[in-house]
Amino acid sequence: MTHTTQALSFQGRVWTLGDNIDTDMILPGRFLYAIDKQALRQALFEGLDPLFAAKLRDGDIVVAGRNFGCGSARPAAAAMRMAGVCCVVAQSFSRTFLRGAIDSGVPVLECDVVDRVRDGDMIRVDVAGATVSLADGSVLPGNPYPSFVLDILRIGGILPYTRQQLAVSAG
Amino acid sequence: MLGDDIDTDVIYPARYLTVLDWTEQAQHVFEALGPQMQSKVREASVVAAGWNLGCGSSREHAVTGLLGAGVRLVVAKSFARIFFRNAINNGLAVIESPALVDALAEGDELAVDLTAGEATCRSGTLQFAPLPPFLLGILRQGGLWASVRGPGVAAGERQ
Amino acid sequence: MGKTIAEKILARHANCPAVAPGDYVTADVDMVVLSEGLSLVLEDFRSLGRGRVFDPERLIVSPCQTTPSKDLSAAFHSLRTRQFVQEQGIRNYFEIGRGGIMHLVTAENGFALPGEILVGSDSHTCTNGALGALCVSLGLGFAPTLATGQTWFKVPHTARVVVEGAARPWVGAKDVMLHLLAEKGSDGFLYQSIEFYGSFVRDAPMSERFVLCNMAVEAGAKTGIVPPDEKTLAYLHGRAKRPFEVVTSDPDADFISEVLIDVAALEPLVALPDNPANGVPISQVGHVAIDQVFIGSCSNGRIEDLRICASILEGRQVHPRVRVVLMPGSHSVYTQAAREGLLATFAAAGVSVGPAGCGACAGFNVGVLGDGERAISTANRNFKGRMGPPSSQVYLANPAVAAASAVAGHILSPADL
Amino acid sequence: MSGRTMAEKIFSRMAGREVRAGEFVEVSPDWTFSLDDGIGLIEKYLAAHGVTTLAHPERIVLFYDHYAPADTPLHGTIHRNGRLFARRHGIFRLHDVGDGISHQVATETGLVQPGQVVVNTDSHTMTIGATGALGMGIGASEMAFLMATGKLWFRVPTTLKVNLTGSLAPWATAKDAILSLIRTLTARGATYRIVEFGGEGLGRLDMASRMTLCNMATELGAKSSLIEPDACTAAHFAALGRTELPTLVRPDSDCRYDAIHPLDLSSVQPMVARPHRVDNVVAASELHDVAIHQAFLGTCTNGRYEDLVVAAGILKGRRLAPGVRMIVTPASREVYRRAIRSGVLEILADAGCTVTTAGCGACAGMHQGALGDQEVCISSSSRNFLGRMGNRNALVYLGSPATVSASAVTGRITDPRELTTH
């Protein structure tokens, strides 16, 4: 059973956000049960700034302050990845957002770096090593994950991870 | 060409009633009948149907959606009352003539003179009862609102 | 070293002697609580190649977020949920007209039991911690748990919140939580389990305990728990679906923090837009005209809440410029409200009563606001765009303040009505 | 010259001269009703033509019944704009969320008087014909034109008379009567014409049954429907404290009808309209194994207190069939209040019914109650067109409140007499 794995280090352009960015702001409630998700792409972050989603390009990195993704347990991380965000760095994540990100294989890292970057900066995030390297060469430590969480992220989320576990136990 | 008793739920689903722009409404015309019919109506400028076209709800989108799709004339054996009324008020020409419908086939070219009550198509020229002058007057000016002399002139407005 | 409730329950379900905060464990779950949200992960579940759920008896499914299906997408998800329930032989299925909000239906039917682990997609799964269970939301990553009956947990630190004293009139658990949030912020208890203690909790009816645990998530907590006592056992008597074993924290358990709240000092609070942690005492809210009042949700949609609203609306009329949308938390609450004449009071006052369910809380269903409109809500969240377009605003309050504001047309304490 | 029909008399009063069927008149209706599913378009037309003042705001009433409470941000905004519109123009009244369906509210409050002309952006406006008033549906752009100019053109219609005889057997209702009439006359039996219900059988029908007959005349293609005012009409208004009524409009004994159709109420049995046409009607007893997923009781056709009482009579002490959900949407707040006070609502709730906020509900697939693919619904509403309740892959059958309730108990379309005989 081969699984495509994803590297857990990223180089990308930064978009900074503040504290307490909640999931109603990121993913408006009306989209959770909508079958046609196409309109979701433009409505991402509608609560925060209706124009924000259009600025996102593939490979961008969102850097935020405290309690990112608080509120409802809707799949906000997966929606951000759909909009091109490859990684999210925040001083702290809400519990449900962090679990949702890991389960959907969206690399996120807790690291207090939001005051050290500006929109448009290029940074490197090493989720496995739990470090964020800034343009000025400084490297800041983040919260490391246990190996099994890194395995989940590498394999792309809890689903492929469970398929692998089920195959191993069956094999 | 359409059958009898084509209702306004089939012509225009209720969930798009908030769509106000005619060309946007056009995308939802005949959605209940499936994409094949939808594309046909966009190419046609004349729609023909059997008895009781437009029965059911009074939604005006059933008419303005057709106008948005480029339809200029609707010929039917008979019209439901509100559809007929909405058509005239929005400048969509209507002809009530069972004979003419029977004489038409999909893809035909059709020329009509509404005032004289004359229509010529592949199988020849046919007479039909023209609309009363009062209604022709509204149609000629492109509908109810257009028949009011310029914007803003309303009986209720004190000059 | 003593252990907290969360540590004990997780250790037992991960069958290891003891666990400590920060450990990662894989534990068995006793109950999975779902709504029509089940349909959102069906493709994920099928992709696991396991045809059957781990145990149909340990799932409870109660459609409540978009029901009665408000549009085609909602009808699609409700239908897929029904089909999956039939296919898997899930007996604990509560069709509309018998169920209501999943968390209330779970408690009412004795599926949340002390010492057990209860998981679900919804972030308010923690509500049933009021019955001494460890209740944790898995978000939409619960498909693997449907197949294996297990999931991974990070063992949380536990905080003690001690609520002492007797509340003034029109002050209740909702105000305790709005106060706690205002003090500690919406990430005050990040990743932690909160255990509620104190005379207020001891004397409070079960409905108030559900409110405390329900809003623990708004403070960033993984869950909230009220250690079981005789009131819990009385509630579960005749309801509990299985035998259970009460689990409480050891006296010398290691709590990461302790917060003391003196209820007697509290007046009703109102959380200003756009965060539940923006709570201020109602006397400082000033004149805020409102367009809509929403009464309901898994926070304050129980019969006790409806009784409070009816006592205020009795013989009064809703302000002409205001519309009140009220959705009982469950169908049994709806039927009980009909029996007690509460619905008659609401109808006479001009309240629009809708079917049991989440209602207007999250903009999924009906009761959505228009551009620039303001609502006061007994639900638990008022983020920007929560109940309508981003330009609309939501204030959170307890049921009494909501009812009084409905009459006044602006935010008002019932004491001043 | 022969006598005049009710419609000719009403149009003559409005035109200020004697008019006959076939003539065109410009009239100022006594009442102009608009609904939340039309106000958006109306404001667009008024704005596009720079109209700032309305001709007769004191005759305009707004009703929120199709999207109440609002189910999307856009509908919430349409409601908000409508409230500002009402305040800005000083219209007569706005019936907000939960008050109920326009036709029901206008009739039960006595707002509309016999002989008056009411225009509304809804094809079921003729429901008020039960009180002897003339109700006609029009499009939104035309409604805007009427609000701006205060006048609208109409062609005076001919009239088709339905002569009611006998009286309804137990478990046969006015809905079954109108369904059997539609079967005989078909969906275009009365196109452009007024349907006037009269005859000796009328005296034994209550106001609710009369409203059901007038309501579904639109499914015959009728321009409107009317019932000659009688003792029941007078009692209806007397109960509302209106003893003095305007001169009651009655048809002249020698007026000319296009046709007179007999309808023997005593031969009526429970009927069902099958998808997807309202005139595709068979006796309920002929349908044996049509399983249903949803039962819907409500709408301006059969959502009145009397209809909920019929449902409670069948559901009392019974439960819905497993796998069946029943949605009950009272036609107005007043209906909801009476159902609570009388204990009817408790019976319906105990049986497992889901009661939603007063309004049109699931009828046109615009609010709670949408159907999933391949689902079957038995509904007390008036239309079962393809996709009518929102989903073109679902099937809608129409029946009386008794048939709807009996079917909800058995799980398949059932003649109510099956449940009530043994």
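Order of writing sets the chain letters: A, B, C and D. Residues in each chain are counted from 1.
Criterion: a contact is a pair of C-beta atoms (placed from the backbone, for glycine too) under 8 Å apart; a residue touches a chain by one contact, two chains touch by 3 or more.
Because the structure is predicted, anything quoted here is derived from the model rather than measured.
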Distance from the mean Cα position of subunit C to that of subunit A, given in whole angstrom: 27
Inter-centroid spacing, subunit D versus subunit A (mean Cα positions, whole Å): 53
Interchain centroid distance [CA atoms averaged], subunit C/subunit D, Å: 40
Per-residue multi-chain contacts in subunit C, two or more chains: 71-72, 74, 76, 363
Touching two or more other chains - residue numbers and ranges from subunit D: 72-73, 75, 78, 365, 390
Residues within subunit A bordering two or more other chains: 30
Arrangement of touching chains [line / ring / star / complete / other]: line
Pairs of chains, among all present, that meet the touch criterion: A-C, B-D, C-D
Sites on subunit C touched by subunit D in the complex: 67-72, 74-76, 78-80, 82, 95-98, 291, 321, 323, 325, 331, 334-335, 338-339, 341, 343-344, 347-348, 350-356, 360, 363, 365-373, 388-389, 392
Contacting residues of subunit D [partner subunit B, same complex]: 24, 37, 40-41, 44-45, 48-56, 74-75, 78, 121-123, 137-142, 144-145, 148-151, 153, 155, 187-188, 191-192, 219, 221-223, 277, 279, 364-366, 383, 385-388, 390, 392
Touching residues on subunit C, where the partner in the complex is subunit A: 24, 36, 40, 44, 47-50, 65-66, 72-74, 76-77, 121-123, 137-141, 143-144, 147-148, 152, 185-187, 190-191, 217, 220-222, 274-275, 277, 362-364, 381, 383-386, 390
Subunit D-facing residues of subunit B, complex: 5, 7, 9-10, 13-15, 17-18, 20, 31-32, 51-52, 55-60, 63-64, 78-82, 85-86, 89-90, 132, 134, 138, 143-145, 148, 151-152, 154-158
List of subunit D residues in touch with subunit C within their complex: 68-73, 75-81, 83, 96-98, 320, 323, 325-327, 333, 336-337, 340-341, 345-346, 349-350, 352-358, 362, 365, 367-373, 375, 390-391
